[in-house]
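Got a structure for you, written out below as structure tokens; questions coming shortly.
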């Protein structure tokens, strides 16, 4: 009998549910239609991790990518990765004075309208770079800048190391920052790193933390006609599946990092997208040894391990065959890599070497045990699992230890590890910190392999003061040969970066990777919104659209209150009825 | 109690799962860590009943060992947790006073911070070794159980048989063992199975984030692989471990629920 | 409310707050101990991906990481008591600022998740009690039980896969659709709700089981009481009052449940947040752990526990509104 008449409470309960659903549906129907075309001459980039601030001197890839758009240095890297002029219109190396001479361009302005002067260069090189830049502290310590005239400076670092310093001066590690905004202030306490002002092709516009960041074109950029884009909108999407979905839905125009290898085949099949397998920036995935370890200090053991693993199979399983097997320690970009010794997959040879080294198989088939330190990243863990397998076949029992980044660094620094798997940026001046004796025990990002070879040391010391590029290459090749015999690392493969962009994104900048990911995107444009011509200056056919939503948080609070009120009112209504 | 009613089913399932875990070496056809035997991402077939993952590992073997890992962590941490909970709960409930208040405050601490966040922070900071994981899970789950035990005891304390025992001059310890303990046994069993379920869930979640012990096959870790396998249509990497995890957690949740229902419904 | 009631309320609230102080302090202490037990040099992690030894030393000095442990602890506690949560080492901004940027998102997700759990759970529970003898009853119980036993990352994966990737009906992540000019406030709210649906559904589906059970049992209890016979003869209007009673009795445990669930979520749900790119406190906590950013991690703990205290006070308040007979119980 109850079922004949509808009970008001039941109705109220259902009513509440229906109301919520209905409201949601109404609101959804009011959503503007999402187009899968870019909304203008705007590049929408997805970053898988959000930077915490925008400091050009900080080493992070995401921070650096954004800072490169906002700041300039005296030199820069061109589209082919060669060092060319930036803010300076003339550059000379003064060998005898052990200094660098720069003549600044005229008419360069900061984003706030103030002109760039030699004072800013002096301030940046004397005050900021030696104190705040991750490489500046080491390689530009005690720099003095002599102002020759209103456009010319002589930069004299404490130690004259052209092989390192020139590449650094072409990257944002030596970005020129405005003296008038930073003089006398504590760099980190000021708001500068959250609202940066530079001389670069793009100006900082807004940053909604957790959501997106917007850069707009600098119309007064010193390189006339550039940049070609009106805006760069950076979206922070922390999940790779979400990035995939956004790419395929046309919500994102460019991604250069964060997509898993497995995504390759799906992306290649999408006619609206173009996929690049970029080898830049050069990174290698390697096995790293603690050369102080009782067993691993024996070179024969390390070489045996090199013979025991099948690099090709690792590449085919872990990177879906996309990466390249490598045997050398350096990158072709800096010097030829053919001199490295190659260890083909040969388990029999490995067993032979292990016997020779004095580690025969025990009664249970085991020779000895090792602990493999791994970072908490799928790629490295996968490689680690495969290594465990290969080594068990030759009688080495491996236990894996997966830790997060901080712990991973710490254990290495303390030497509390046997061997690990790591990814390293391959650039000569970092090798200087990694493979020389004087950097042993100097902390993270230095020689945590406890590797020492006097010949390598002396070669590096020669390299660092060498200005002739050909001589530099010869030295690096020789270093590579020695390292590949000593094997403080076993290089496994060159990393490949999945760069995906919409077909309508044009220009030679993409895929990026000339110097880490710090490439300026000033030659990029969106097809249909910009027509590149030789003579006519930059043209747009649409006005840039900027999201006009009010500050996020205030509205969010209102939304929350609305929902909570609905729930509370609903319950109160139910209770009050019938009183 | 018939075998077919929910309590019976859950007990049988639990025993089955433990049996699988114990006899993993015999049940699993291949070494779960072996990456060299099979090709990458094979769908389920006659050789690999549940298919293979990106590294060519047999998922069926991984799942069998995964059940063992989950149960290892679950049973050990839960037992440890309950033992501590019983001791503290008994003391706090029977003796009362400061102990009781202190216990309440302690559990409040864990209500203030999401327990899982604390667990992750602790596991990450102490490095994910199986022993650490078990200890961390146990340390963060006993206060809640102790609180429940304590309130149980508070209500039992006032019953006639306890007063009678006191009048008869029995020692406190004897009273606790002979009168109170038997009466809170259903609660204890129910709590124990509940903590097992929670611990299994936590271990799987840790595995999903990559923070479980990599020397033990974890179902959660296979789901981490599944996240990327989905891109190339590897549905089996997602489906099978998911179903098994759900069954594991479900069994112990069900057991916990039905135990309480059956043996002391009035206390709900 | 009369003035004596108001003073009573204020008294209750103050006592509550006082009791919470040692709890909050313990939370911070646990966090501090864990951080210090952990291997890992905060200075190294703050220095960035490729730093030189000198730089790392510099960083260590700048942030006072070379002071003895006790000193660091007491400095922190002293500041926290003044509600100065300090400076985030990794963000280089005040901790409070960093937390407040993320907190509204977490709060929004928490409230929606619990609300969906509540609405679905209570609704299904009433249906369950109503059609007690029909098939729908065990079906609802079983399904909600299975959902309750499913880990959040499994539900989330399935929801994403089916609704976002296959059906393309909902976005895979984020809070708003970027690059879109919203035609007014309402459209903006709609966009947020659209993005909120899957993550809060993920949470809500797990939470609803408890509500189903609670609602069902209290409604069944009432339905099978002798009131039913009486009201049959008296006319159906009494059924309204019947359900009022049932609801009244049920509302207390339901409120408690909602409060407890909300408290669980305001500290952040790392898995849901990372799956849906929802910028909440959970992800912030993980970052603080990876960078060993003590002020930030401790600040998050501090902030979360205070929020939970506030939520509990609000729930208590709602109790007394709903049923003035309820005596205050600490």
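Order of writing sets the labels: A, B and C. Residues in every chain begin at 1.
Simple rule for what comes next: contacts are C-beta pairs under 8 Å (C-beta built on N, C-alpha and C of every residue); 3 or more make two chains touch, one makes a residue touch a chain.
As the structure is a computational prediction, the values presented were derived from the model and not from experiment.
For the pairs A-C and A-B, the count of C-beta pairs in contact is higher at A-C. Using CA-based centroids throughout, the chain positioned farthest away from subunit B is A. The geometric centre of subunit B is 23 Å away from that of subunit C, both derived from CA atoms.
Centroid to centroid, with C-alpha atoms defining each point, subunit A and subunit C lie 34 Å apart.
Centroid to centroid, with C-alpha atoms defining each point, subunit A and subunit B lie 40 Å apart.
Residue numbers of subunit B whose C-beta contacts span two or more other chains: 124-125, 127, 209, 227, 230. Residues of subunit A found to touch two or more other chains are 241, 404, 407.
Along subunit C, residues 38-40, 289-290 each make contact with two or more other chains.
Looking at the complex, you find that subunit A touches subunit B at residues 240-241, 244, 260-263, 265-266, 313, 316-318, 320, 374, 376-378, 381-382, 384-386, 388-390, 393, 399-404, 407.
Partner subunit A is touched in their complex by these residues of subunit B: 33-36, 40, 54-57, 124-125, 127-129, 209-211, 213-215, 224-225, 227-232. Partner subunit A is touched in their complex by these residues of subunit C: 38-42, 44-45, 47-56, 58, 62, 90-93, 100-102, 104-105, 107-108, 111-112, 115, 118-120, 122-123, 126, 130, 160, 164-165, 168, 171-183, 185-194, 197, 232, 236, 239-241, 243-244, 247-248, 251, 273-277, 279, 283, 289-292, 318, 322. If you check the complex, the residues on subunit C that touch subunit B are 19-20, 22-24, 26-27, 30-31, 34-35, 37-40, 145-146, 148-154, 157-158, 161, 260, 263-265, 267-271, 282, 285-286, 289-290, 297, 301, 304-305, 308-309.
For subunit A in complex with subunit C, the residues that touch the partner chain are 1-2, 5, 7-10, 13-14, 16-17, 20, 24, 27-28, 30-32, 34, 39, 42, 44, 50, 52-53, 58-61, 131, 133-135, 137-139, 141, 188-189, 193-194, 209-212, 233, 235-239, 241-242, 245-246, 249, 251, 404-407, 409-411, 413-414, 425, 430, 433, 439, 442-446, 545-550, 552-553, 555-557, 559-560, 563-564, 567-568, 571, 574-575, 577-578.
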